[in-house]
Amino acid sequence: MSTLIRTGISLESDLLKRFDRAIQKKGYKNRSEAIRDLVRDYAVAEDVEEDRSVVGTLTMVYDHHRPKLTEQLIEAQHHAENMVLAATHVHLDHHNCLEVIIMRGRSSEVSHLADRILSLRGVKHGKLVLTTQGKDL
Amino acid sequence: MSTLIRTGISLESDLLKRFDRAIQKKGYKNRSEAIRDLVRDYAVAEDVEEDRSVVGTLTMVYDHHRPKLTEQLIEAQHHAENMVLAATHVHLDHHNCLEVIIMRGRSSEVSHLADRILSLRGVKHGKLVLTTQGKDL
Amino acid sequence: MSTLIRTGISLESDLLKRFDRAIQKKGYKNRSEAIRDLVRDYAVAEDVEEDRSVVGTLTMVYDHHRPKLTEQLIEAQHHAENMVLAATHVHLDHHNCLEVIIMRGRSSEVSHLADRILSLRGVKHGKLVLTTQGKDL
Amino acid sequence: MSTLIRTGISLESDLLKRFDRAIQKKGYKNRSEAIRDLVRDYAVAEDVEEDRSVVGTLTMVYDHHRPKLTEQLIEAQHHAENMVLAATHVHLDHHNCLEVIIMRGRSSEVSHLADRILSLRGVKHGKLVLTTQGKDL
């Protein structure tokens, strides 16, 4: 954890009023935290762009009755063994499963693994989120 | 599970070549599955737009040493008790935790809960994915 | 134009260093302007969400040899006469035209008109940008 | 223009019903055109990813009373002279202008120029759209 620094910005008062109203709707208790979140989001976007090491979570919905799919999913994850940190499985109904796979790696590697999984037959829908490892943030 | 129907589309041959090349790079073994995924993604986007019942996964990174944050996170989830299906926690390092919260509800409700959690002080970064419950898809 | 107000935020020094490096790459000369841009973007996103009056620009590429398309495009724009402020046309090659239609209206109305145009046969690709009218920003 | 080819896909009937309903709402008169649009959008996304030559339109709102901004905008465009195809200007009100700059170039070059312009002081908000040159689409 690095030390806290104070920095100032100048803004039009009308803009500030609109911002305060907008962040309040989202649940923010204070303006400083909302601005910090914007700054952090910008920094994370740069991590992804620069192909640094990030954490990715792949959400996907699939039909577990599809023949061989479970094996293919396990195989894809094992091939990238050192990238997968954890996986959570939820039974949505008799046919449909939701799985969230938590990965760590360079953003291009994580994206590639996600593409590979999402293209499997029987995987109905899915999306990848790339986020920070938390250090320096 | 509904019955399979066959539908045809006409496309310029050059466009089809480009599409085939692009989907192959993502890992698709066959064109039909790639088009089905586009169709499903369109249907899911409409579910979200029309505020239907969806599944959401909120990925977030937070500093678990932040006073009271753990209590606030638990409280926020309990307030929306019937929406939260599961949560997975990964220790990224001494300070940073990754948590994925899996929710079910109307897309506006899921988004609202996600906003509330992401605005808490100590939650550094996060993103919400909205996906399907899997039925009719 | 409203008066300028100064507001302060506290940030970890490491995060600030990363942010400064990231914004410099994008061309920012100063941190205050970069943060203002994030704040404005947040305010514009809220305008769109709350269906306020915005400015939209629809970029689209189409084949002007497609029978009746030009008439359909003109008709769609005239139906929404008071929304369309201007349109710019660029000839990309013998077949392909790029057109940018600049509109003003509530975000839902602008989106609806854009959907209608993009769904026309012969319109190959397009995207809508929603931005601010500039007041209070 | 390449020749038209017919290709078939098999889909669950319930999914197809949902897709038909969703595209109808957007204005599509026929399913084939809606699927073609998804296929084209996929191909364009790959053009951008692979840094091919694309067309970009930058929408931005700025305060033309800001000292030196007009000169800086002209200078930035002239520096990239061969990239800028056209620019359209709309007076939104006494202070605010909307400008749309139409560019052609590799997606990384177009993005870089857009970043440079958006980071100028006085440019309040803006967004870049990357689309196709229309060939092979």
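Chains: A, B, C and D, in written order; residue numbering restarts at 1 for each.
One rule holds in what follows: a contact is a pair of C-beta atoms (placed from the backbone, for glycine too) under 8 Å apart; a residue touches a chain by one contact, two chains touch by 3 or more.
Here the structure is a predicted model, which means the values were calculated and not measured.
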| item | value |
| --- | --- |
| Centre distance in Å when chain B and chain C are each reduced to the mean of their C-alpha atoms | 26 |
| Gap in Å, rounded to a whole number, between the CA centres of chain D and chain C | 9 |
| Residues of chain A engaged with two or more neighbouring chains | 1, 23, 34, 40, 137 |
| Touch-based graph of the chains, sorted into line, ring, star, complete or other | ring |
| Pairs of chains found to touch, sorted by chain label | A-B, A-C, B-D, C-D |
| Touching residues on chain B, where the partner in the complex is chain A | 1, 23, 26-30, 33-34, 37, 40-41, 44, 55, 57, 59-61, 63, 85-86, 88, 90, 92-93, 95-98, 100, 102, 115-116, 118-121, 124-127, 129, 131-135, 137 |
| Residues of chain B defined as touching chain D within the complex | 1-16, 18-19, 21-23, 25, 31-32, 34-36, 38-40, 42-43, 45-46, 136-137 |
